[in-house]
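In what follows, subunit A forms one complex with subunit B and a second complex with subunit C.
Right after this comes the complex of A and B.
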């Protein structure tokens, strides 16, 4: 029975509900724009990682290495693009 | 009648009307010709519905050659216009449309089609697979590319061509300054073919990662396959940016948003930024497969194994990441401070290092090799010095402070043609000549091919080296004319002369296909070049299942091993082979995409909605369709193999 019960998935499900609740608090609680957006960004990325690992089974096949390499590569490029754009168009603009 | 007025050309000229008539007559001639020779059934069964990677590859390559003709004609028109000062062959607007079309056609519809065609034909053969991972998706990719290309190509006779440059910078490309539907065509043609390219990217990554022959680890893949893998990784990560940028541009132009406007919180520079976030990796998408082809060709015709296999792979992996770190060097002068320009200057110079490593590897492969100067080898040997000149001027442009002098001049135009023509075009011609016997079962004539090479190379040097000089003297790019006092006249005339030689080279290359088709012997055997990698282990012509028995591999030069070192490639007995079925769905869905794009360009919403319903209908049909492919029985395979063997023996 124990090995049939998907503990990981249930925990993931509960955790993703908690994350949703935290994100919702931005709407209901009174907080500054910056704090709100930070909460949304952080919860969104954790949520996405959670979905990928628990519900899309990223690490459970023989392609584990290829999948994670792709994900990390994608994250690196996204970060470079976003922060590079900010640097170019806003921070470093004269 | 009012409805049809929108299709009129905003800026007509006798040239355009002549092209209109020519297009009409050509289309009638094609339809009549196919009907007369009763080829519709053959065409539909064997080509339009095919999912065979070899045929899709050939269709890509034929389309690419057609687009090379279109883009080349535009290039000759531009050179003719600027050949003498104060020329009136084209006016400003027409010139704008011509250089925009030239750029888009050459990059998106010629070079991309050429590299994807080569990958389609060669990669499955090189890794010992029977097709790509998703054969039908592959067909959809091709037909989407074709739909996009056709949509772009009809723009100049229906509604007007885009005229904001191939970079299509906003706000020039916005509705305020580009009032015609031209830029809408740009948005949708690129969008549709871009979706096809993205699917190709996914398809080939999966193919290369999952379908290699037993024994072929990643580090035992032939170099062209490695370059294809890296290219497709870049495609998958770069093209979504283009997709989104095009979508935002469409929203701006057709739905009144302000992403790229300079008012209401929009930012016009964001287009340039996003465009080059895609555009710079795109440069490497074009050049890496070319590097792969050169690696194959140089190693084959030096009769040595490739020098520095690991460093070749390493430098490509490095390039794949660094290609995403340099995009700002395309707009150093847009107004950011020294910090930003300094960072991107350094990354740009750094990316020259892995490229330099590859150059040295090719030189060292040739070192003490037994070099045969065949046509593919000539292109490769011509590539090395010419590309290096392009690379060196690239490093000059990478110096941000000096770029203020060079930017937007003919110097820049000379630079990027100097890397793209010897880089990509030479590679494609080398690859085409090299793999031609595998594709069609006969070889291209070496003599005519060499004439073609020399015309192209000399023409290239004469056409583009003068631009370095006029550019440094201050001739701006994209100017449709100049006065006599500038003194640019003679060098531009020389440039026109060079373009003429390149046009002759193109005619020679096409004539070579005709000549060799008529006269070349068909007894070339399966390995006419004494080559090294796995694709040459297939019989000639390649049967549609590629390998009757899955090959077993233990190095990156499996075929060479089997010839020289007694490696046994085919160990198993012939078994029944599972192959995918042909399908008419890809061409239908691409036709619907064409209608969708065309309607969207003109804002004919009925057409848009009807086509969208059709597209989703096709997808729904596919979802519920049961298509398990088919098996080729053992007897049939044996029969085919026998025939091929008899044919090869007869010829020997």
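Right after this comes the complex of A and C.
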């Protein structure tokens, strides 16, 4: 039974629940919008990295360079899309 | 077909390795797809018109429930992959089954949530905000729905054929997909719900 629950996965799960609890603090505690958003940005990106490395086994095969390059490329384009949109359509008019 | 027995079975053939790499490329495209949805959401979220805003309709309980259910299912599919690698067929099927049941529970809560939105007057045509909210949530929900059927077929294949280079490869790729849906949900949870209720 024990061999079915590897420490790495269990720790990853517990850590992801802790991160969710930290993110929830922005709802239950009284804080400024800036502080809250910073907490959310930090917890969300750590959470995503955790899934990628702990659970998705990225980096265990010989083509890990291609896999990581592709993931970073996808993330870079997504971030440029999100922040470029905010810059041109929202922040520019504030 | 050349079989390499030094690594896990799902990597054992050249075709299998290509399938996994190919799926990562697909996930890269999915990251960009959700990136465009988030960009649109942040642009339109204040366009509530005469309809309700996010802060007025979001409820913490179902959202938190969905988050915990999805995080747990991401954990159990990880355990299924681990059980598969130590050649434990029964445990793999149990963990995969639990994952699918959790996925079904997630969808049930999400459907409840959509019905709630309908009752408080938030539909696809209410406002710019409601349109992009339901499109983003709906795209994620549609991915989960698709994953449920995909996972069910893989469950049946492993049950019937056991672990082969093909079935292990399919179930590994399915686990990547499922973890990815969890990652997307984390961003929806943080930047749509929590940010909206802050």
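Operating definition for what follows: the second predicted complex is superposed on the first by the 83 of 94 C-alpha atoms of A that agree within 3 Å, B and C clash if a C-alpha of one lies under 4 Å from a C-alpha of the other, contacts with A are read in each partner's own complex, and residues count from 1 in each chain.
The working rule: a contact is a pair of C-beta atoms (placed from the backbone, for glycine too) under 8 Å apart; a residue touches a chain by one contact, two chains touch by 3 or more.
In this text, all values refer to a predicted model and were calculated from it rather than measured experimentally.
Enquirer: Between subunit B (first) and subunit C (second), which does A:6 come into contact with in this model arrangement: first, second, both, or neither?
Expert: second
Enquirer: Would you sort A:18 into first (subunit B), second (subunit C), both or neither based on which partner it touches?
Expert: neither
Enquirer: So, A:29: does it touch subunit B (first), subunit C (second), both, or neither?
Expert: Neither partner.
Enquirer: Looking at A:93 after the superposition, I want to know if it touches subunit B, subunit C, both of them or none. Which is it: first, second, both, neither?
Expert: A:93 sits against subunit B, while subunit C stays out of touch.
Enquirer: Please indicate which partner A:43 is in contact with in the superposed arrangement: first for subunit B, second for subunit C, both, or neither.
Expert: Only subunit C; A:43 stays clear of subunit B.
Enquirer: Is A:73 touching the first partner subunit B, the second partner subunit C, both, or neither of them?
Expert: In the superposition, A:73 contacts both subunit B and subunit C.
Enquirer: In the overlay, work out which of subunit B or subunit C sits against more residues of subunit A.
Expert: When the residues of subunit A touched by each partner are counted, C comes out ahead.
Enquirer: So which positions on subunit A get touched by both subunit B and subunit C?
Expert: After superposing on chain A, subunit A residues 63, 66, 73-74, 77, 81, 84-85, 89 contact both subunit B and subunit C.
Enquirer: Would you mind writing out the residues of subunit B in touch with subunit A in their complex?
Expert: Residues 209, 233, 237, 241, 267, 269-270, 273, 277, 321, 324-325, 327-328, 335-337, 339-340, 343.
Enquirer: State the interface residues of subunit A toward subunit C in the complex, per the touch definition above.
Expert: Where subunit A meets subunit C, its residues are 3-6, 9, 12-13, 16-17, 20, 23-24, 26-27, 33, 36-37, 40-41, 43-44, 47-48, 51-52, 54-58, 61-63, 66-67, 70-71, 73-75, 77-79, 81-82, 84-86, 89-90.
Enquirer: Taking the complex as given, what residues does subunit C use to touch subunit A?
Expert: By the definition above, subunit C touches subunit A via 7, 11, 17, 20-21, 24-25, 27-32, 34-36, 38-40, 42-43, 60, 64, 67-68, 71-72, 74-75, 77-79, 81-83, 86, 88, 91, 175-176, 179-180, 182-183, 186-187, 189-191, 194-195, 197-198.
Enquirer: Sort out for me which residues of subunit A touch subunit B in the complex.
Expert: 63, 66, 73-74, 76-77, 80-81, 84-85, 87-89, 92-94
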